[in-house]
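Below you'll find the structure I mean.
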Amino acid sequence: MKQCVYLIEENEQIAQNTYRIVFSGDTSAFTAPGQFLNLEVSGLYLRRPFSVCEWEKGHVSIVYKVVGAGTQKMSTFKRGREVDVLTGLGKGFDTENSGPRPLLIGGGAGVPPLMMLCKMLLAQKKQPTVAVGFGSAGEAFFQDAFRNLGVPVSIATMDGSLGAKGMVLDACRMDACTYFYACGPIAMLKAVCAASCSDGQVSLEERMGCGFGACMGCTVITQRGPKRVCTEGPVFDKGELVW
Amino acid sequence: MKQCVYLIEENEQIAQNTYRIVFSGDTSAFTAPGQFLNLEVSGLYLRRPFSVCEWEKGHVSIVYKVVGAGTQKMSTFKRGREVDVLTGLGKGFDTENSGPRPLLIGGGAGVPPLMMLCKMLLAQKKQPTVAVGFGSAGEAFFQDAFRNLGVPVSIATMDGSLGAKGMVLDACRMDACTYFYACGPIAMLKAVCAASCSDGQVSLEERMGCGFGACMGCTVITQRGPKRVCTEGPVFDKGELVW
Amino acid sequence: MVNMAVILCGIAMPNPVIAASGTFGFGEDFARLYDINCLGSFSMKGTTLSAREGNPTPRIAECASGMLNAVGLQNPGIDKVISEELPKIGEFYHRPVMANVSGFSVDEYAEICRRLDGQAQVGWIELNISCPNVHGGGLAFGTSPHSAAQVTRAARRATVKPLIVKLSPNVTDIVEVARACEAEGADGLSLINTLLGMRLDLKTRRPVLRNITGGLSGPAVFPVALRMIYQVYQGVRVPLVGIGGISSAKDVLEMMLAGATAVQVGSANLVNPYACRDIIKALPDAMADYGIKNLNDLIGGAH
Amino acid sequence: MVNMAVILCGIAMPNPVIAASGTFGFGEDFARLYDINCLGSFSMKGTTLSAREGNPTPRIAECASGMLNAVGLQNPGIDKVISEELPKIGEFYHRPVMANVSGFSVDEYAEICRRLDGQAQVGWIELNISCPNVHGGGLAFGTSPHSAAQVTRAARRATVKPLIVKLSPNVTDIVEVARACEAEGADGLSLINTLLGMRLDLKTRRPVLRNITGGLSGPAVFPVALRMIYQVYQGVRVPLVGIGGISSAKDVLEMMLAGATAVQVGSANLVNPYACRDIIKALPDAMADYGIKNLNDLIGGAH
């Protein structure tokens, strides 16, 4: 973990209620896709956690959905603004166990961290497949970005305005993959784990007090006892979870 | 009273710990020198009251001393920033009763409202005299500005680094004036009233909840019962005060 | 179209937003700024039997997301309120107002209620029981169920107007006090009054307030107020008025969801003179955001 | 040169800043960020006799200038703390720590104190009496002088270590509780624990916290904490540890002026992991600003 001041390079709307910020600053604390940062929003007491979408030396991006006071304020942040962030938080996805054909499943605001993961898997010469779900076509993002990487993408929307109608599981087959990675609403994660025939990892969300292990605010009960989503997670192995 | 959004045109340091802001915006609510405005400082709950130093149509200035969290923040405000202000607050100085030779007495952060007052008295063909007191030479301001108006100015500093050594009363004669106007620390105001042989007006300060008469936070007991500094004041006739 | 109208102790209000006592004077200063007939109602400055000059200044101190006040019930006394303020109010406000009253003995509370009983424009009487009981060792009436009950009983006998008892949050068990007031005939309860707090001035090394302690209000107290409304809602049947830190339409909805039939907005009026009007204007959109058609459906919905 | 060293219940500290229980874990996460030997001390995560998984999530809710938590004392139990955490702490922290303990019966408190009594690194034992008393109807021990006294008496018999009782602010009269603890042999008192509060989620129309209510902490509670330190200072002779909303060196000075010998910094650690270190670093300049040469001269100076 490292406390940094990041400079906003870009803050652009990429879909309905959905924005992407590119920061410049020290990214040395990030080590794996699926890690997150915790961002101070002036005027609000708690920091806001966001999964890192992509990073390279000196640059990092997040994609966020406007859902409340903090993300609302963030959507007004201008290029050139400095923000205080805790970086390199949590334990990210493990790309070692993916096997040759991992499936990446994302729902809504759970899609962003899959971008970096996908690129790393490709760099490791694996053949990832992506399945994403959104509320409607207007909220969808990254489907083309994934396709441009040469990755097969299936899409579902709840209202059927894009891709299959229904949940993301309705748009993909889980039996063809060697491993899965999932990030999205808790109901989706449960369904994915239940439907899966392979091993896999899921990224959990929990309301956080600190984001770096101090407050026990984000505990989830696992097969190996209570674990902190912010420190032992947010990514957990399917087999660890109790639900 | 009028709620306005003001634009900061200038925020320059004019003496040690002392700054002057020039705002542009709607000044229609101001009617007399000695009135004040109540400024929102983002991140702090209560507004901060400041006497108006000068105003003309579309422009108004204040001069403030950095004494705490709010004024500290204000000193960092940049040109182009917008601030929410309540304008035209309180009852200002009355120039009618001044007689031909009024004396204007200011101590430290009490000096600014005397500038507009002085100019109005000059416009009314009166012959004001000004006496100002500061802690030390470094904190002094406006002495030249008053002199440039052709007004006699006497100065005192507590450490004797400029003008007479001591309080402002040590630097001026109160027996030659037809009336006096005083603004500054409470001890100075008491001393001025005690030493005066003429009638006069003083401007009081009190911690304020609202600044426009709603909370009864700023009450001062007068000969005519409790009065609100923010509404019936901040300027009171010498004869009204009980001390 | 959404429905914002609610009924508080038998009196219909166009919306649930009442300006809180002590932050709205007798309405006049605000009526000069906007047409205050848009309000659900307003609660007049706390009134006592005799006129009071209040506490010495400083009476105000700033806090994170809030403020302290130790105004000390400065007011012109009940007779002047009846002879001067109420007639003035009649000129710019055409609905029932809430009369907020305080006493330093049980008899004083009863006497003020008696004098207000015949006043047509007074809709509700709101008993502020956070005052020190001079006959009971100086402790505030509101800090014990017993003395709270005594005041309520005496006031109940003195008026037929809807009686709302305003509870103090500075207690171990607010439900116990609430029940005692309900049992003695309170038609409603309003809560919370301010939390006892203080600030020191590092320069003078003395309390900022001349009164030493003062009452904390503003957004800082909202979670405590909300919790108390939630708890009291489960313990009594009379309607509740939620007070404490409300500064947005969303705060209003949250307070009603916890169990409030109406709300009061206090300190927010001081930092934004248009706060009540702004909140009322924002209510329909906020309701729509959360799929609320009728505010009455929301009351106590979180239980 | 200024003097920041203070003595708390006979134990010397380089400065008065203690990291508060529940916001600093067992120190490890922070020791990785900075050398925590700069601290006055730290209070370990609240420990119970048996291990506890704590409350279901969500356990955290945001408030204006503060937060709610309902962690519910998740901890590995006293034996693991002794066998695993304390030895680890010994590797990165070389001064006495404060052991924050909780029980659900008087006997549990006593038993934990007994087990801690021989632990060399434990300087003070801090009794958190905000826990529900399972044998006393579920009310928190700290809400009545009687049950607070019972816990203190039992703990006092179980240990010779300096005993600090941590008071709950959710009471009508905190001085009464403080006096009861002092009378039973408390060597010091720390206050305040969190104020009971809640938040609702307008989308789900349910409490944000699964536990429904939670404890409010952060700058929002500072004026209440300060008032309570000021009041308790007048009512007891034992040293006080001021807690609640402290997030700057000035806050430390204000709390000491009110009567605190030392202070604890809680929530501030969560939003700024370097908060304690930053505050300690800023203390000498803040002292100079107000002409303070020796912090000990400040304690209770506002009375």
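The chains carry the letters A, B, C and D, assigned in the order they are written, with residues numbered from 1 in each.
In this section, a contact is a pair of C-beta atoms (placed from the backbone, for glycine too) under 8 Å apart; a residue touches a chain by one contact, two chains touch by 3 or more.
Since the model is a prediction, treat every value here as computed from it, not as a measurement.
Shared contact partners of chain A and chain D are absent. Fewest steps needed to get from chain A to chain C, stepping only to touching chains, is 2. One inter-chain figure worth recording: chain B and chain D are separated by 46 Å, centre to centre, where each centre is the mean of the chain's CA atoms. With each centre defined as the average position of its C-alpha atoms, the distance from chain C to chain D rounds to 34 Å.
Each chain gets a centre from the mean of its Cα atoms; for chain A and chain B, those two points are 56 Å apart.
Chain B and chain C have centres, each the mean of its CA atoms, that are 36 Å apart.
Across the assembly, chain D contributes 61, 63-66, 218 as residues in contact with two or more other chains.
Contacts with at least two other chains are made by no residue of chain B. The touch graph of the protein chains shown is a ring with every node of degree two. Shown are all chain pairs that touch, namely A-B, A-D, B-C, C-D. Put simply, chain C touches chain B in their complex at residues 22-25, 29-30, 32-33, 45, 53-54, 57-67, 69, 71, 74, 208, 218, 267, 269-274. Residues 42-43 of chain B are the ones that touch chain A when the two sit in their complex. Across the complex, chain C meets chain D through its residues 61, 63-66, 68, 143-144, 170-173, 195-200, 202-203, 205-207, 212-213, 216, 218-224, 226-227, 230, 245, 250, 253-254, 257-258, 289-290, 301-302.
Only residues 1, 3, 40, 44-47, 86, 206-210, 212-221, 225-226, 231 of chain A touch chain D when the two sit together in their complex.
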